[in-house]
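Next come two complexes built around subunit A: one with subunit B, the other with subunit C.
Then we have the complex of A and B:
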């Protein structure tokens, strides 16, 4: 079963929940798809057993073959090419690696080279297989890295936890595409609610079974809870706001490993997910 | 018009809370919310004027005319985004959520069965009450054009640049395309750091990103007293990198109350609000000296 952990807003506790769920599961796989700011590895502190560079294709021109027809410049939908002073210039940052320029060049003057945009690392932490992706600073899109991480899922993986990036844009969509279940983490602020509504829409469009975990709950008003009740969204846990939890997390420690009394809370979340019957 | 951008790398460190306070304290003539994926600034600043909304067209999407399609499979072979599939009745179709509008399929199709269609990927909004202008947007979920929309949000302030001394811009989390689009052309980035191991790690990555674009950087630590050990590590990192630490804001339960009441933290009297005022002064002083 592949469980995606997501939230519209950042900082609601996605990584906290995903890491602890993976740590209470028997032989699980944790995938950090928040490749812009991957943090799961800070908690698992796994030694790295495997590492792989992620590359995309970037075009370049062989100037002796280029006759300045500008066909590629006209074709490129992203304005990633310009022909200036009898030379083809490639703006790598905006190139989508579609390969169109190579196809349209009448002289076969355009070739492609690999450009490294980040890295994937795999390691082991107790019985959790930990795979994280890291986008290099200055690179625009982590999607090729996310695609690569998701290919690392093996048939024999029983429980896979996908730690998603925040928001509801293409990178999140890519991360949840193949998930069997979406677990949405929401915090008790009006910011949290506004963003919860957006991810709610996203999982609905993808027709994914989903449920909500309310994080940082206190005895005060919880607008996120009100939203869930009004929308008839299933809430499967309310994690309290506590200094103990906060401190453990901020120091990069895994709650269920440090303080076993929290294990049942996460085991219950898993049991609730496995029960099924979600709409 | 000069621009001050607020970023954090990690989400939930307090970008919008601080941006909202800065807009109030500066009585900003212009401000923008570039977190187009999850815009929240309007929730605490509540612009009162009427809004001018317009659709935002992102990248076009390919569309296959089944009547013309000869089922040669060339489009599917050449699509690098795996956006073309064959349905159960054997028809070729484009998944608009995967299509990036590159037009390669249109080019390779021998039957001219594929065209590009404009697609609405969100909406742009502009508030103008005569005193201040606020530009914001909402990206349609699943869209892959957040960077382009961020540029559009910033462009909406352009016609008012004579009237705006300093524009405050609230950014998005992460380090990818919307963040890079928001950094371009700003005079300074204020990074809101959070004292946790994750926060420290993410701060380093956003600093590395801003430095790639040679943008001056200031740092503020939010909820610094939640973990004083890591807070000190952030301070040390700033000293080593020669970055200005512009202040430290304490953890304060009243911040959540203010936010949930739709207020900025300087609209009420609270310790975090008082400290943010000092951070504001230090930031503006540094900003004006650049």
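Then we have the complex of A and C:
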């Protein structure tokens, strides 16, 4: 079962919940798809057994073959190409590596070269297989890295936890595309609710079974809870706002490994996900 | 000599546009004949790379001088490759900028910004 852990807003506790769910599961896989700021590995402190560069294709022109037809410039939907003074200019940061320019060139003047945009690292932390993606600073899109991470899922992986990037944009869609279940983490702020609604819409469009974990709950009003009740969204856990939990996380420790009394809370979230009747 | 200016509307006393790539119109002003025309900037609605597309467009229009309040680095690369001179707009209306250029009162635009690329 592949469980995507996501939230509209950053800092709601995606990594906290995903890491702890993976740590209470028997032999699980944790995938950090938040490739712009991956931090799950800071908690697992896993040994690195495997590392792989992620590359994309970037076009370049063989000027002796180019007759200036500009078919490639007209074709490029991202405006990554320009043709000036009988020379093709390629804007690598704008290119989405679709390969269309190569196909439309009538003279075969466009070739492709590899460009490294980041790295994937795999390691082990107790019985958790930890795979993290790291996008190089300045790169436009982490999607090729996320695709690569998701290809590392093995058939025999029983429980896979996908720690998604924040938001509801393309990289999040890529991360949840093949998930069996979406677990939305929400915090009790107005800003959080605004983004919770966006993620709620996203998982609905993708027709994914989903439920919400309310994090940082206190005695005060919880607008995220109100939203869930109004929208008839299933809430499967309310994690308290606690100094003990906060300190453990701030010190880069995994709550269920440090303080076993919290294990039942996460085991219960897993049981609720497996129960079905998600909606 | 052709001067190109990004403008908010198709009028000589209209304002210079604060955006190069997403300006609705360009004013094309011919210094020899004093003729002016306004052309639609089709790059304005691009999801990304508007500056690149707009720059290609003004190169193809045969611009010699670009007067603009600011310019992103991708657009600047194309415009400089084409040998177009870039001057910094300092007045509000397109007409006043042309007069200032003729009097040699406009400085070169040197503060090229890194672009306002949206994430999507």
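The definition used in the following text is that the second predicted complex is superposed on the first by the 279 of 279 C-alpha atoms of A that agree within 3 Å, B and C clash if a C-alpha of one lies under 4 Å from a C-alpha of the other, contacts with A are read in each partner's own complex, and residues count from 1 in each chain.
Note that in this section a contact is a pair of C-beta atoms (placed from the backbone, for glycine too) under 8 Å apart; a residue touches a chain by one contact, two chains touch by 3 or more.
For clarity, every value in this text was computed on a predicted model and none was experimentally measured.
More residues of subunit A lie in touch with B than with the remaining chain of the pair subunit B and subunit C. By the touch criterion defined above, A:97 reaches subunit B but does not reach subunit C.
In the superposition on chain A, contact of A:169 is made with both subunit B and subunit C.
Residue contacts after overlaying the shared chain place A:82 against subunit C, while subunit B stays out of touching range.
Shared-chain residue A:73: touches subunit C; no touch with subunit B. For the contact definition in use here, the residues of subunit A common to its subunit B contact set and its subunit C contact set are 77-78, 140, 169-170. Within the complex, the subunit A residues that touch subunit C are 73, 76-85, 87, 89, 91, 94, 140, 169-170. Taken in their complex, subunit A has these residues touching subunit B: 8-12, 15, 36-37, 39, 42, 75, 77-78, 93, 96-100, 103-104, 135, 137-143, 165-173, 187-191, 194-195, 198, 201-202, 205, 220-221, 223, 246-247, 249-252. Interface of subunit C with subunit A (complex): residues 43, 46-50, 52-53, 55-56, 59, 74, 77-78, 81-83, 117, 119-120. Subunit B meets subunit A in the complex at residues 9-13, 16, 37-38, 40, 43, 59-60, 78, 80-81, 97, 100-104, 107-108, 116, 139, 141-144, 146-147, 172-177, 179-180, 194-199, 201-202, 205-206, 208-209, 212-213, 226-227, 229-230, 256, 259-260, 262.
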